[in-house]
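Next come two complexes built around chain A: one with chain B, the other with chain C.
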Partner chain A sequence: MDELEAIKVTFFQECEELLADLEGGLLAMQDGTSDGETVNAVFRAVHSIKGGAGAFGLDPLVRFAHVFETLLDSVRSGKVDASPDLVALLLRASDVLADHVSAARGMGDVDEALSHAMAAELEAWDGDGGAPAPAAASATASASDDDFDLSAGVAAELDDMDFGFTPMTISVEEQAGADEQAAAGWMVVIQPKSDLYRKANESLLLLRELERLGPIETTVDDSALPDLADMDPEASYLTFKVKLTTDKSEADVREVFEFVDGDCDLTITPLMAGDAPPAPAFEAPALEAAPEPVAAAVAAPEVDVAALISAATAAPAPQPAAAAPVAPPPAPVAMTPAAAAAVAAKPTTAAAPAKAPLEAPGPGQSVIRVDPERIDRLIDLVSELVINQAMIAQRVAEHGIPQSSNLAIGLDELEQLTREIQDSVMAIRAQPVKSVFQRMPRLVREVASMVGKQVRLVMEGEGTEVDKTVIERLSDPITHMLRNAIDHGLENPDERREVGKPVEGVIKLQALHRGGRIVIEVTDDGRGINRPRVQKIAVDKGLIAPDLQLTDEEIDNLIFLPGFSTADKVSDVSGRGVGMDVVRRSVQALGGRISISSRPGHGSTFTLSLPLTLAVLDGMVVEVAGQTLVVPLAAIVESLRPKPEEVRALGPTGAVLAVRDSFVPLVDIGSTMGYRANAPDPTDGVVLLVEGEDGGKAALVADNIQGQRQVVIKSLEANYQQVEGVAAATILGDGRVALILDVDAVINLRRREAPAPKPTEPMIAAE
Partner chain B sequence: MIDQTTAVGERRELISFRVGQQEYCVDIMAVREIRGWSPATSLPQSPNYMRGVINLRGAVLPIMDLSSRLGLGSAEPTVRHVIIVVKVQERMMGLLVDAVSDILSITDDLVQPTPDVACDRVRSFVRGIISLEGRMISEISLDRLLPEREALAA
Partner chain C sequence: MAQMTLPETMDLKAAAGLKASILAQRGSPLELDASGVRRLGGLCLQVLMAAASTWRTDGQSFSLTNPSESFAEAIRLFGADAALGTAIHGA
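So, the complex of A and B:
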């Protein structure tokens, strides 16, 4: 990959984050939980995407982002009111923008017609709200003239409309514009915040940019500098005052600071001819007292802050002179009003850097980008450490060293430490479910418009953390559950009106931790499950016996049966009858469970629970024919020692186990897996009653149970290939590899030898 | 094959080892490490030349009984047996052999094509024969050894 490609990859990664920020901000605006900063953040997100796209020459993306940004700018400046309709439009525009980003990335296409229509709509809206502005201001030079033609056209159409208040605002600007013409230049006061430097911006570059507009005279106000001992080397204490002689407009000057927007306090005041810059008068005493290097730096028109700080830090503490300029002058000579203001403003300056880390721990700040592979490697190493530690413990026990000995106690401590390390390392890889959740609003919007329903999605617990391995698998089931809820759960707007519900349906998507698992719930306020109908369909389709008595809960869960579909019509969205049973199977494959509960007339709740990580597994360690195997605990219903009268022969070789009035086929793990030719007498061994993914039960026969243990899952496929009957491998305390049994495959392997009857649903099997 | 692009006269290093009474070798660049035999966990539903899997510092490493793979009969591994850990494409695999002999430095012109007399299996696994000081050493084509590779080659 060449360098540019590498940067491009980073750009697209950032795009993902920016799009997420954009959508998050817009959703906050929709919920009414936004503040002025939200609008700014939304604007910056689009702006940054545009900027980056421009650098890579991604023209379609730039064009669309530009239109989008223009409207957002109007919203930001208050020219256009952020009405709910507008926010809805912006949300749809963000979807189109996301499509453009994907297309630029070479993944997927942009619906050109949609994109154009959206761009036109955005422009129209901008013209609508801010119509008179461009028309009136067209005389003023601006950075974005290219917008004006479009908007002006719209503006002309809308001239009849009464937007009396808007020209008022503009007339002020016009006034300012008039001042601009008279001004000999600008007094620019730049007070960078620490964030500016943290984002790798550089005040020196800003000053150089300013110099391009005309000759500059720069002075630095270091009055905010604390004592050397109190100084935070990464904080920003300096304020730059730039006297810029130019005929350029204020907008041109502001443009220089486009990319540090929000990261510095900027005041631009017109400088009348003959205006004396107030700052130097104040600076002078401080400068005189300053030691040589600092003074030199300050005197230079272009001040390198880093150099200044390093000069200050390098100055040895015992030198009182070095501290002098750093401390605020106790009694400033001939303090001008401006200087007084600067001093008055000082406490806020000092407070700002201290406050910043507290209020903004959001994305981008103090977050390290790490290649996931490195973390995976770390997790591998730590799990090896755990295994190694277990090996040592086993060796120590073998040598008969007493539990109370120092060695054993030290080992116990080591074990605790390694467990803690393992937990912490797993926590690094844990991610909030937000990354999955944030894709859902778009899905809901699309599905809702497809089926003609009004839906509001409420999300909770986005911060719930779960291992990366699980995150990746969450998206599909959630998508299915949401689609199902919108399509089948919610009523049509007319129906809702009839039963006295608000037309807008509410779907709640919630994530929480419960009992060491992550639980995802999708709740709708729709009609709930029509139980008599569901049971009738299941009977009609031959999925259950007609005279079967089922509890409400059992009826609700019939929708997970393969081949079940309640939709009268097969819709585009769901209802093909493959939906829920496929979801259930994929969830169970991950060691999860999915269920539904419903209250007729009030709605339904899908509940999905998954283990927090797929990297470790709770298993039962068993011995079979001299081999040590791990059976996933999630599959085991119970374990028991069969009594001779419970084992019944069936056919020439088959046998079943009587478990509370039902008969479960006995499967000898050893002979099924090919470890031994003949199955031993089940009563000599232990039976694990397991439930497969399709609900089928089996009684697995093992020789012995060693115990329950948490094991680290190791892939067999990484170096070899999939082996039938084996889900994965793990490494036990003795350093040997043990195979993790794939319960379903074992049941199926046996079936292949002797074709079994059609698998039955668990609750029905328990008839 | 990649090796054919190697200019004649360019030296390559090979590790030679014994399987039964015969001598074989593999390119040293494919060898990751050589370790003593440790008992493997057997894999069900697998060809009999797959000895099973062992723990290689946290990774699950499949072990192939080269003797059985070459049709020379299963090895009865002892502590003197050796596992040569090789990397084939992106996968790691352990080859169970009797003993490692030495490191050969050869040029490609020393490699003779596999004679026609050999059976199909040998022809697909052996990419050439090196005659050195009266010994006959067959170079193994590693990417053909894994079961699915064999299927592809067939």
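So, the complex of A and C:
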């Protein structure tokens, strides 16, 4: 069943995207930026999840999705008003749906009670919708929408799974009208894409071609058609359902669409008319007499069929009562072709991977799914190539071959090509931060309801791209920053009202590129940091000296100190045993920085910056006590040779360097890292002026500078173990291993060694 | 009662203009003369359907008169009789 497993994996990947679409759409509805298409997209997302889940027999998921979908359908058709309350409910329902998906995937559990309560709430809302027969009405819609949605096509694979779902609906539907068309034929559902018209093709011609194969009877589905004023005259909204009576084969029917391949979504299913002689006699009067119950009856088999595919015995039929008056007699009849269709549908589902390439998404939007391991391997290889290229360059240089020689020129070109390959490979791994951001609205909702605050999350820059290695590590710090902003940053609704702010707090989550790094900012419009209180706590906890003079910024950043927590009591939300110090440490381990700035009364901003990639680094190669080390270029402000008059002794061992009107502490890398016991005279070496993550400067003393180079980062933790002061390692052109310095850690190491009245004070004093 | 004559060729190029000129008549009853239509494409069909539904919502009358043979055939092939059927007169 490997093949099925593979399809299932794809399905769950699709689910993630669909859930994101769902949430995005609902948030747009909440913001009032939605249009008819948004509601459709939201509906389609849930519907597609249900369709796929049905094919895999994920019953709890199907059941929940069905209730959800039913309500959404009422919203879509305008029977239920999309009030803010409803959207809030739908958002919570989307969270439960996400839980169901995770559970179906074997990751995590569903809170059954919550799920039932939510389903009940969704159903109840449907009832309040004011529609005279909501169940029947929405059932009609969902029955007919199956085909519509199918062709809307979220992705080829999922469509194929959806196919497994659709034929039953159609065949049952066909059953109802079987008296009219007794001959066999095909049900062709055509949903032209806008591209079809743009390429000067015409759906009318397709219909005319179909008619050559036999008599056709078209019905047009205009449920996606917006108001005249809102419509894009060159976009395609209609779906045509063509009942084609013919003895031609499916291939013949498909041939009609040969020239519009990819520009229209197409479903072709056999008509089952001739198979069910008893049905017409019964159903014809029923159709006239009671159209709505019939619709319900149509819907009921739809659900049965879902269960049938899943091979589950218990069929969830949500509207048995409505179906009762008409359903029992035709049901067995209807089920026969349905079962046949289910059998027919199975190979379709199994054949999905083979079929997928044929029905690939239209031009311009094709996406390849690649196993990340393959890309990692490619990146490793390119890294080796970079190292190898550097090695050859070095050998050539050692042999004293002139720069103008053909060999040297060829090497230069090779270097450029290598760089380009490296950049391109890195670009493959670059992903928008959206995948992390999209999990945040839910977090904010949950935290907000836990602490009883009203919060609106505004997200910007979701398209900002960053390497996969970084993206995986963004989630935790962002989660923390958001929790902190909601719990500590924002005031209670009452407080906000008192100070004249809107009751709803706004938290902005933003991603942007700045100076070759990715910067994530979390801004709240809360009360800001209470500086006197923060300082008092830090003093009370013995974290800083009582008489220490600190700037506002320094006080703000005290919250990152180990052992600091501003909440009077540890709350459920922020106090999960992880303080901001842990966040800062994990961020620093990635070569990142985190800081906070605050304006009392107006709010605070957390700023997190990380390198765009964790795979390569621009570094300065230096020699220290016979060792070759790499200092990240991003940290270096400038390098200089100090003059004797610029170096001032400070205390017995310390020294500072005068740099343009200010003094910067001198830190000898060699003695700090333990390479040598005594620091040499700084004037004999080179000084690298570096900037720490908090903006503090230091002057690192090295013996010599070898040059500037892009190095491939090899994790020290993965290959050896973590070493303080060392961020990672790399392999140089000559094949030797060089350590990459963790600049902040080196500065901190030095600070810790410096004499201090209190053990913890120097860390702050130096900041 | 506003009256308009539909163009001979109602294809991709005609759709935007058709939408604009119909929309300009919003608020008053509208009668569209379809006698000269030789080609009706899917995009213009959408405009007509949306217009019919918008006019219906507005409570104004909307009609298509003197449909040409091509126009009537297209409507039949599209299966749009039900959506536009009541609006077509004088077939």
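Points worth noting:
We take it that the second predicted complex is superposed on the first by the 390 of 767 C-alpha atoms of A that agree within 3 Å, B and C clash if a C-alpha of one lies under 4 Å from a C-alpha of the other, contacts with A are read in each partner's own complex, and residues count from 1 in each chain.
Note that in this section a contact is a pair of C-beta atoms (placed from the backbone, for glycine too) under 8 Å apart; a residue touches a chain by one contact, two chains touch by 3 or more.
Everything numeric here is computed off the predicted structure, so don't read it as measured data.
Of the two partner chains placed by superposition, only chain B is touched by A:Met673; chain C is not.
When the two structures are aligned on the shared chain, A:Arg439 is found in touch with neither chain B nor chain C. In the superposition on chain A, A:Val723 contacts chain B only, with no contact to chain C.
Shared-chain residue A:Pro233: touches chain C; no touch with chain B. When the two complexes are overlaid on their common chain A, residue A:Val737 makes contact with chain B while staying clear of chain C.
In the superposed model, A:Lys508 makes contact with neither chain B nor chain C.
Touch criterion met: A:Glu384 reaches chain B, while chain C stays clear of it.
Residues 380-381, 383-384, 387, 627-628, 673-675, 714-716, 718-721, 723-726, 729, 731, 735-739 of chain A are the ones touching chain B in the complex. If you check the complex, the residues on chain C that touch chain A are 11-12, 15-16, 18-19, 22-23, 26, 39-43, 45-47, 49-51, 53-54, 57, 74, 76-80, 82-83. Against chain A, the residues of chain B that register as touching in their complex are 39-46, 50, 52-55, 57-62, 91-93, 146-148. On the side of chain A, the complex with chain C involves touching residues 192, 197-198, 200, 202-204, 207-208, 211, 216-220, 222, 225-229, 231, 233-234, 236-238, 240-242.
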